[in-house]
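See the structures that follow.
Two complexes follow with chain A in common, the first pairing it with chain B and the second with chain C.
Right, the complex of A and B next:
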């Protein structure tokens, strides 16, 4: 059993590990010849992360069978974060298949061995959804909207119309409302097939967005009225980072 | 009382958040007893309203369940059915202990020994039919389902976990393990303080979980053998177990000899223990019949009528708890499961 994944952009690993750590304590990755994937939900099954990371994203990638490796994601994240932007990061499975070896090098070489955990991998299905509205933003712009609403509210309502999208929230201290129109700074695309309005927990959205926004790219917010939302983080090299979030019980 | 399995099993902490959105089957009598023995006034007396009616059980049921619902846990209460003939001896023994405790309680009160009064007061708890009916009524008003077990509530709770209807069984007693509950959750209270018996000390009590498969794996026993270990230690159906045999010896004996009948040194004692019947109770309890596990809405008005008007609870505290619950429900997200086709 061989598994080697070497990359020159540790930022992707960092973003992925911190994204997963917003939902679960323990994560099981699956590696195949095609690449690395992860899918998991938080304990209350409100949110789901679905990641696919193709072999060609890596400088060197070898995997001769299906390898599942379970890690305590905070520990994993801590080790990955020791890598600087310019470092090369190599992850291999130990010969005993009970440890993960993490090598960070750029002249100065470090090697960590991390004990794997028993993977409790049950397969997670994906929700069946169709989206009527799509809002594409820079991660910075999306994070700003979330933070602006979070000052007063624990949830955010998104109201998408053909040329205008309104984000709003209400709390004990008052209301917040932010309108973006086609052409607004940070709004890259607004595509509305059918006007949509739904409400989501800010805690989940803001944690995941902060975790991934450091990796750059853009974020697509897709949803339909009173239906789950999907965030698609478009980061160079990573095929797919999808984050699904169920709407609130009461709108 | 209850079975002392703790030295043989691994108990792991569990976070309340890990039970979010999950069904937990709760042993109703076990819970009501806890309330009747711990929710008491300064001299160890039960809480009563102006009409002299006992309210300890309702107070416990109300605030405990509001706390569980705020955490989005889905409780299902399982009430004992008819006690098995073998358990009646144990129930009578407990009843005698309670009568003795009542006398000591009265005496301590008369002599002004407050600490003793509180101590003995706790041991006098007896559940009557009215308390059961009132508890069921309150559960229904909170939208929480309850089911009637054929016999032992813990057997029915274990069955629910095996049907994957419930994630875990919740009880303080380890008997649930012998009944084969997939998971047993202990200390399922959201506030985590408990008084150490006979001492004026409070300790933090965290929820913990015991996984059935893990118990079997770590002890190296099969299901039948685990029950035999329980019988050696002593269950509700043979209180006290076998003379001179504690949990560790019991495990050693069963691992060495395989089953009760093969253990030479207990042969005489075994003749007086209906062990085959006890095995049957733990291994082949009948499934509950005609249950309906539908979670309903919280009926705010009727709860206020029942608790504040009929039972003279403080309206401020009850509405405060209901407001807290309402806020929690309204800020809650749905589960994605709804969209898994």
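Right, the complex of A and C next:
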């Protein structure tokens, strides 16, 4: 059994760990010859994260079988966070497959051995969806929209029309509404096949966005009326971080 | 005790009982020294925290007094009997800082570790005073079981030659084990919850430097909460139950209806209906989804006590469910006896024959049948239904096809 995953920087791992930590305490990664993946839902089954991290995105990647490794995500994060931006990070499994070895090096070499937890056997199927509207934003712009609505509401309604998208929320203290039009700062793309309107929990959206926004890149928001939403975080070197969120049934 | 008695009758009766006890034992109690057998039991007050009153509970009785402080043995007993045990316990107090390390604390810990009641002697600063006023004013649903006399201690000695409980010794001497892990380990080895909370209270559990004295009231909720939270994780991969199940039990003026709902996702809700002596009702509730509760429950320790009973039942069956506990508190519950009666009441309900239903509507109708408020009113207060009705699940869309 060979498993080595080396990256030039810990930033991708930090973003991934912090994204996963918004949903679960324990995570089981799967490594194959193609790369590393993770898929999991929060305990209420309202949100799902699907991560694909292909072998070519690593500085060095070797895996000659299917390896599953389970970690307590807060413990894993704590170790990863010891690495600075420019430190290379190498992850391997111990001989007995009961420990994860994390080597951090940039002149100064460190090695952590972390006890793995029993990985969960259950597999999570992806929802089958087609999306009628797509909004691409900078993570900063999206985070700002969410925060602006969150001061009055726990939910956000997204109303996408061909040249304009409106985000709104309503709470005991009042209403909030934010309109973005093609050309608005931070709005990179707006593509609407069919006008769409749906409402989602802000708690989930703002946690995941805050967790990943520091990694930069952009975020694509895709949805259809009264259907789940999908966030696609495009960060350098990770081919896919998808976050699915089921809609609120009523406002 | 018949429910036709008025609350005042019940209270008068309990008070008469109490005065009779004081009369019989007056010679023993009006002295500055007392000999007896501690169940074993300690009590830690919460006033003045972090300087609190700590001390042993000692009755003017020798021999096997275990029943005086073991709620696991009280099911089926009436209010008078339970209060008779409790009021017989004289509380000696020493003021300690919660992080105190002293010989006195160690000897209280030694006594708590004993498997059998500990014969002992207490010398008081002054003879114990009755807290009759406190009994009269006792508020409903205090978390703590009441007790009788109390006096500041000058000194005490216990014969703790009785064997210590090996399981408890192991937890006590493991100074690298967190209090939470120790509580769970003791529970898994079959140590009673009431015992575990006492160990926590007298500062015997946890990582060495973090060990602290914990007021009895807080230690009880901390124990129920910690153990049940751990059990909730245990049921995570279990299969759902198949039918809607209703279990019921009543004691001490408390009526319990537990509704277990087939669900792949655990949730827990407890509804409390209070009926005062004028027949007025008030309803309070608390709800948690599978992520647990992130604030203190509005209905306090009752919530965790019921959650423990429910989740240990599901663990023992290897099943999962979402659960609604309805508790009605009638005026006959004239005096609070402590949160144990919720834990033991719910456990007993779940031990009894349950009624099975094919749908939620019929299960709820049955569960609400003996309650003083209507099913419609109860349903209107249940948060779980509105939480679930308003939020779709991602798994609802797995087999969804756009055309």
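Note that the second predicted complex is superposed on the first by the 251 of 251 C-alpha atoms of A that agree within 3 Å, B and C clash if a C-alpha of one lies under 4 Å from a C-alpha of the other, contacts with A are read in each partner's own complex, and residues count from 1 in each chain.
One rule holds for everything that comes next: contacts are C-beta pairs under 8 Å (C-beta built on N, C-alpha and C of every residue); 3 or more make two chains touch, one makes a residue touch a chain.
In this text, all values refer to a predicted model and were calculated from it rather than measured experimentally.
Steric overlap between chain B and chain C is present once the structures are superposed on chain A.
Of the two partner chains placed by the overlay, only chain C lies in contact with A:122; chain B stays clear of it.
Using the contact criterion defined above for the overlaid structures, shared-chain residue A:154 touches chain B, although it does not reach chain C.
In the superposed model, A:166 makes contact with neither chain B nor chain C.
When the two complexes are overlaid on their common chain A, residue A:249 makes contact with chain B and with chain C alike. When both complexes are overlaid on chain A, the residue A:188 reaches neither chain B nor chain C. In the superposition on chain A, contact of A:75 is made with neither chain B nor chain C. When the shared chain is aligned, chain C comes close enough to touch A:130, but chain B does not. Clashing C-alpha atoms with chain B after superposition occur in a single stretch of chain C, namely 242-250 (options considered: 26-34, 152-160 or 242-250). Taken together, the two complexes place residues 41, 43-48, 125-129, 201, 227-228, 244-250 of chain A in contact with chain B and also with chain C. Touching chain A in their complex are the following residues of chain C: 236-237, 264-266, 289-291, 389-402.
Interface of chain A with chain C (complex): residues 41-48, 120, 122, 125-130, 201, 227-228, 244-250.
Partner chain A is touched in their complex by these residues of chain B: 17-18, 20-21, 72, 329-341. Contact residues of chain A toward chain B in the complex are 41, 43-48, 125-129, 154-155, 200-201, 204, 227-228, 244-250.
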